[in-house]
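As structure tokens, here come the structures.
Common to both upcoming complexes is chain A, partnered first by chain B, then by chain C.
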Partner chain A sequence: MSHQPRALRAINAGQSVADHATRLEGLEKATGAARFGRDQIKKDMLWVRLIRCPWGRASLDSLDRDAALATPGVVEVVVSGDAGEYHGDSIGYLVARNRRGLERGLQALDAKWTRLDCKTGILDDQEARAPIGDPSKEAAKAIDAADFSFEASYSTPVQTHSSLETHGLMIEPDGENSIVHASTQGTFVVADQIGRFLGKRRSKIVINCEHVGGGFGSKFQIGKEGAAGGLAAKTSGEAVYSFCDREEEHLDTGNRPSLLCKVRLGHDADGTIRGARFETFGGTGVSRRGGGARVPSGRFEFGTLDARNHRDVQFNAGGPRAMRAPGCPQGAFVEELLIDEIAHRCGLDPLDLRRRLDDSERRHQMYDVAADLIGWENRSDTGSQSGTMRTGYGIGTCDWGKGRAPAKIEVVVHPDGHLEVRTGTQDIGTGQRTAMGALVAARIGVPLANISVAIGNSRLPAGPASGGSVCTPSTAPAAMAAADLARERILSGVAEREKLDATQLTIDDGVIMEGGRKVVRWEDACRRLSEPVSVTGEFDGRASAYWGEGSSEGVQAARVEVDCETGQVFVRDVIAIQSCGLPLVRKTAESQIMGGVIQGTSYALFEEQVLDPGTGAVLNANLESYKILGSEDCPRIVPVLWRDDQTGVRALGEPPVIPTAAAIANAVFNAIGRPVRDLPLRPDRVLAALAEPMAERVVAVAPRTTDRETRA
Partner chain B sequence: MNPFAYTSPKTTTDASALAGPNGDFALPVLKSGGMDLLDRMKEGLEQPDLIIDLTRIEDPALDTLDAGRIGGRVTLAMVAESEALRKSAPILGAASGSAATPQVRNVATVAGNLLQETRCWYWRMSQFDCLRKNGDDCPAREGDHRFHVIFQNGPCLMVHPSNLAPALFVLDGEVEVVGGDRTRIPIRDLYPDPAVDWRSASVLSPTEIITGVRFKSAPNSAFIALKQKQSFDWPMVSGYAVLELDGDVITSARTCAGAVAPRPHPLPQVDDALAGVSIDDEVRIRAACARSVDGADPLPGTAYKTTLLPVAIRRAVAAATNPAGVDRGGDA
Partner chain C sequence: MNRSNERAISVTLKSIRLPRFLDHPQQHLDLEHMPEDSSPPSGPSGSSPKSDVSRRLFLQTIGISAATVAAERQAANADAVMKPGGATIIGPMPARTSLQVNGRQLDFIAEPATTLLEALRERCDITGPKEVCDRAACGGCTVLLDERPVASCMMLALDATDRKITTVEGIGTIDAPDPLQEAMAEFDAMQCGFCTPGVVTSAKALLVRNPRPTLHEIRAALSGNLCRCGAYPNIFNAVLVASGQDPVAEPTDRGRTTSGGHA
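Right, the complex of A and B next:
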């Protein structure tokens, strides 16, 4: 039986400030006119490429510097190390006049390496392999007092960053300044970093990142490629281009670290969890930190907890960087699957158990809507189906904080009525540019066509980096303040000339009105200006009349089909309900949610970095064998913007990626009656799970009347 | 990528004449769609000094297809879309349409598909030595070999990457060649015995060029790919079946497995077991297809493929009984 969720685009109508705004730079991007940092290729510039270790761990035996320097086009060979600690680790760099020189120079360099023993994963660690440790005294007491105890172990893989625009920068001398075309998610963060290598003060550096092709947390730093580019620019005084290729992007620009989580808990027959011990191990490659996971998340009641048992495990692989909701999707996968397993043991509907363990009122309402939209009433009891194709339904949840940072937005009103919104903060593809333009237009009351947005340049007013999903929440109050200032400025002029009360004037679609009477067109009012008027709105990062109320919470429901002969999982539908306070632009907000679901589905089913167990070489540093979701694998996604009466702009970037893999894993469990506790949910793993006995039930329940068998 | 010379001859004879070591060129290479060649060159696996581009050859026979023959330069997209083939041998369109992506299929050719190199990730990475390169060992054996063989026909554990070759196996196909002393090679002889030669992608000499493939008509034929991803993925396992039916009874069957051995893996034991079986006799068909893993010797990481293969063959057989409803395995 196939249940189609209703088409619900209409549900989001009227929920945002600008329902019909389309991405301002959409045409530029679609036609290729938009210039990203990676597009800044000039005829006369130097190219930089790092010299990288080809193995998980190796020492450098020799390289032929002279041969490299003798290669046409090569201008510099800098070698600063003689050992690599992971595949992609760098020991220096090469500078050449052109790409061909780079490639041939690297070949001529002919680096010879001796492979050394290496570690390739969390399970190389003895403690990680050992059974879970004893719970704390208090937790043990609670666990022992419960009706049943339960123990399980979960794992998630390394998910590598692979931005559409790879990491890097292009540096151009401009008098005594340097213009740095950076692919960054922190316009105002990277100037100091690159300055150290250029040997220049921040005031002499202009960061330009008008268009950025993704970041997801990996572009707060200039990276080794940026550092090498900076050094080469300093040495040469010339323009320098240093960008990763796709392989380097996979090897050395960070990742979502792997996780191993061991759990022991005690629960009662009614599903109440009395106490639990969580042990987590983060796989951080050569980094000493960054492997933490948010589990338990705090969204559910686990009784007496012993959960501060985390350790990062080092091995020979590139280290993590923040990736969209760091630590959260992996934590949610563990926690939500765990809850579904407990629900099954107790013969409960996992949605009912969540309603009991979760005290967020908003999510309780979301549970109801998600269940309705996904067709939860068609869900069979876990493990009750036979036949080849089995359908499963699963739920996942998320929440997010209310982080904020200082931001300024300048609005310039030109005498022709045109408005220029100026913000130095970057748009990494999220729609920041469109959101700011649409917000200012709506707030003033003029069509979006009157607006242009200058964005992504350190000469523009400062704003936050794109991290923690604070960018839009922090810039929105500043934009509202600036819009109000600009509006008041024009209206007070009109009021004075027309002898009207400025507080009685409104602006509707570019027309200034008093009551129902048209006073003057916006353009005509602006024509009275002798010169452009600039106003700046500022948010101090703490309090503002424009901050308002709101929170970011979400519930996602997935419907999957599992082919039980092949172990293939097909995700058919995902309902993604998300609150983010006041949504600014419906389309880009929906896109954020859909993007989260796509990334989460890809994480659930496909993505994993594969290291050769013997040598530590990354076997899939490309987009062929590092599998990401494609169009045929994409579920039907129904994004639901949950507004309530929230007035403040809140986080939306990260939270929608959190629940997806969890919801899918739960749906698979529901379909096949056995949990698959390791991501990704590969066919071999699903087949292995199917060969196991059905998940245990500790509380007898009468079968529900809705039980049914499905046929292939 | 190394510097190379480029030439685009107008005839296959000229192309063939240039393709062996000649004059200034020690490592000439033939290029048609160039999909796999470009990958190999970028990775440094191949460093040709002369590229002989076959796309300018003026010979319509290279670009035409009919119910029993496909020119070597015909693209996978054209095969996938051909009405004539849909009637005469639907297995070919299904196998072509399932390969790679629409962009690749618009460029990749039939001959190139047959002669492409393995996707083994150890072979594809230049830092690894292996039996197919200069090494004495197969790094996949102790390494991560999840996409490798279940039939160890030789020391190399690669699986053959072509979607089309096994289809031609079950269609008793032949390749037409020029540039040597033969003009036809049965497809089953195109690939070397992996126990004897595990390095060559085919038995062709450097000067031989595939100009087309011929095959018998097989309206009851089908292809099933079991892929992890439905967009742009190589099959974990694929199944191919050609049936001859007398009413509801299978009078003869030809089946073959893909992605399980260093070359397409025919399954004569399955063919024998299917003969005389009614297409409605699920029990006997299941039993026959279960024999597809007779002789399998999976690696620790490929054991799951022994579960998949009988399923792929059974589904291909089922689809072949009803070619109108051919399951294309989630074509991208």
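Right, the complex of A and C next:
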């Protein structure tokens, strides 16, 4: 809007500590100057590539190691296995002087495999295919006592993280040390893990991850590619470059596991849910665990519950890793669509039913604002539209815990007034670097221009990995403590020299003041320092005066259009309201929310790893066939930072990805009058749903509004 | 069969979306006389040989079977050999290559099969363009060829020797950024930043040919650039503002129904 201040979303004005701060490394990234791990390319370095199984399950018949070793450029071939349990499983690795050497070496290796029978999904499991089991005695009693019973089954696909920078690391010798340039979301995790492969003590290893090209939960461990890289570096003593290619990234670096959820519940005519049984099956590939889903979430009242019925189902595919709010978007999809189905059966507005089942006061306020911003009053009754293009509105919700971890932040005050904020934790695009800089600047009272942030190096003060949305909540108290120490240090010097009371001094925009009187500029006060002064703030992961109050809750509303001839779903608008305690930097916080919505939209509409049932091969292990949301698919998103009077910094990374797919699925249900209970909401599924009878109503009600047809 | 043919088949197989494990041509290459890649010489090179093997020809014929393309290429080679004093055949030995990148001439020695992206990143230390999918599905490796955006992973370096190549580094630097790059930073049009060089390059190409694009045109121009973190709305705003236009309209308050949420 033209009257808005440049780059300010007026709706979020005043909500954050630093409304106008821009990402500190923004220009570095926009000019290509930012060097990621994958960019650490040396003329003389060894390249590593894993030897991988091409089928869902296969045994190795033969390979020609001598031929591979005789290939120009090939340095070493290490084969340590003779069978693969999934497409992408590794049996060894190849080391070469260059990229071509790797390619030719793998060709010359000429691995011959015998394909074996394999399982390719949750439905290969007999119990998963069976009808839902009997509820527990208590739940059965509650369900039977209800006016109506309802049964349905929901599923979600395997989603791959698809970080644009693939997993891997580059290791270079530096005297007796090794510098490891890693694409990781855990600087100190890599430092702990790589040593045993490198054959080096922790003190001789330096991790650098100044810039990381995406990490959504899969980059905590060094992975096989990292282990092979470490071994090659140990053996050769040379610089080693070991990164997955795009196909390997899809096959063997984790995923959000698939889910099958069966539900049986009893509800009354007014929508009250008396009792329910949930059965969940997580598709964990070859892993034995990691397939859990958070359903029901606890946000809604389900009466007497029989819900601890989870089983992980193994089959021949790569295993899961944590992915942005593990288990939550899939759980929310089931739960929120279920609630909308009940609302429809009872002739209720799904927002009204949510207000009844949800006891969070903050979310109740968010429901009102979300409804207002999305234009809920324009919503037609579910199934009341005809015509080709039908419009739907849907709601989804989220919450997140208050996890925390130990963290240290060092602030160095230089005699020229410059402040260096030092933290070893990583910025994977979350804005961690900017958040720390802006928080220290605001806390001391100097412009952000006075600050630089050193981040992403194991030689810097320790901090948490970027997981569980605990990083900023944990580093913020440490940063506040460090900033206060630095501030006190300078102010006490000024007070002493000027014979003033230090407690009466304030710092405003780089000027030290007493009441309304200017005492001295920050830079001039710092000039009195004979050397840089270092202070360290520490958060022990449990208690801190800086922890404060706050919680992460959210409501999202989506507006979609469904083309009922093609089955295509267009997500037009998403209102994303999110509380995260005290937001630090408005722009990067908005970016986090929008990123969650976009990944959630992508999950709702497009993403799905496809295994060939015959061979177990992954059929879409690249970005042209594993579709993620692109610019043409992107909805209009309104990120709303919801602060209230919260004082503590809370989780923001994960919660906004939770409600989006649920809200979109509900909007599609609203538009076409039939639920699509399987993600992604593919055109074929929408068309199949349209061929079904309209969703049942068990309570007769007069239509709230007249038929609103096709709104363009 | 030479390296270009090998690459052609390999890339064609990629383009018809077969899984990589089928990506092994049956033909065996004669590698006996292949030396390893050598380091680039310093200083200006001598005359830069011209490739007679057109990668562009290949790009135009995607969809034709690999065998057809290979046959055409062999024919082109054979043709060249027969012409006395005609075009030089490049390869299979590593060949001297010279590129004009960001206003500088860069000389190095590489196999003819080296893609433009590999040449930039691995030979010229220009790492702004990113290797993400290596098959033109994501736009991470976008560079300007003259003023046209291309996927540098899908082009041979040899086919770019007579072109003006501009990477994100050539569009602007931290000390002298392009207004588009400033707007990208101002609007937080990035998170991890791995797609950003490609996005900036595609957007720059758009602004050169269309100085005041509509939102619709911006979306279309960037449809080949994938961003996993989800920065699209801010990217659109950055491009709008860099072209002297207003960002996309936003609601200005939280509505009439509540007082909640205000600071």
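To be clear about the criterion, the second predicted complex is superposed on the first by the 699 of 712 C-alpha atoms of A that agree within 3 Å, B and C clash if a C-alpha of one lies under 4 Å from a C-alpha of the other, contacts with A are read in each partner's own complex, and residues count from 1 in each chain.
Just so we're on the same page, a contact is a pair of C-beta atoms (placed from the backbone, for glycine too) under 8 Å apart; a residue touches a chain by one contact, two chains touch by 3 or more.
In this text, all values refer to a predicted model and were calculated from it rather than measured experimentally.
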Quick check for you: in the superposed arrangement, does A:Pro173 touch first (chain B), second (chain C), both or neither? neither
Just to be sure I read the superposition right, which of the two partners does A:Pro54 touch: chain B = first, chain C = second, or both, or neither? both
In the overlaid three-chain picture, which partner chain does A:Gly493 touch, first (chain B) or second (chain C), both, or neither? neither
Could you say whether A:Glu632 touches chain B, chain C, both of them, or neither, answering first, second, both or neither? both
Which partner, chain B or chain C, is in contact with more residues of chain A? C
Quick one: classify A:Pro613 as touching chain B (first), chain C (second), both or neither. first
Classify the contacts of A:Asp684 with the two partner chains as first (chain B alone), second (chain C alone), both, or neither. first
Have a look at where A:Gln568 lands relative to chain B and chain C in the superposition and call it first, second, both or neither. first
Chain C-contacting residues of chain A that also contact chain B: 54-55, 104, 107, 617, 619, 624-625, 629-632
Quick check on the complex: what are the chain C residues that touch chain A? 17, 19-21, 24, 29, 31, 34-37, 39, 111, 113, 118, 121-122, 125, 127-135, 137-138, 140, 167-169, 171-174, 177, 180-182, 184-197, 200, 218-220, 222-223, 225-237, 241, 246-258, 260-261, 263
Residue set of chain A touching chain C in the complex reads 1-2, 4, 6-7, 9-11, 14-15, 22-23, 25-36, 38-39, 41, 43, 54-55, 71-73, 97-101, 104, 107, 162-166, 211-216, 245-247, 362, 365-366, 368-369, 371-373, 428-431, 577, 587-588, 590-592, 594-599, 617-619, 621-625, 628-632, 634, 636-638, 640, 642-644
Can you name the residues of chain B that touch chain A in the complex? 1-2, 44, 119, 121-122, 125, 127-128, 139, 142-144, 146, 226-233, 236, 303-304, 307-308, 311, 330-332
Show which residues of chain A lie in contact with chain B when the two form their complex. 54-55, 103-104, 107, 565-568, 570, 605-606, 610-615, 617, 619-620, 624-625, 627, 629-633, 682-684, 687-688
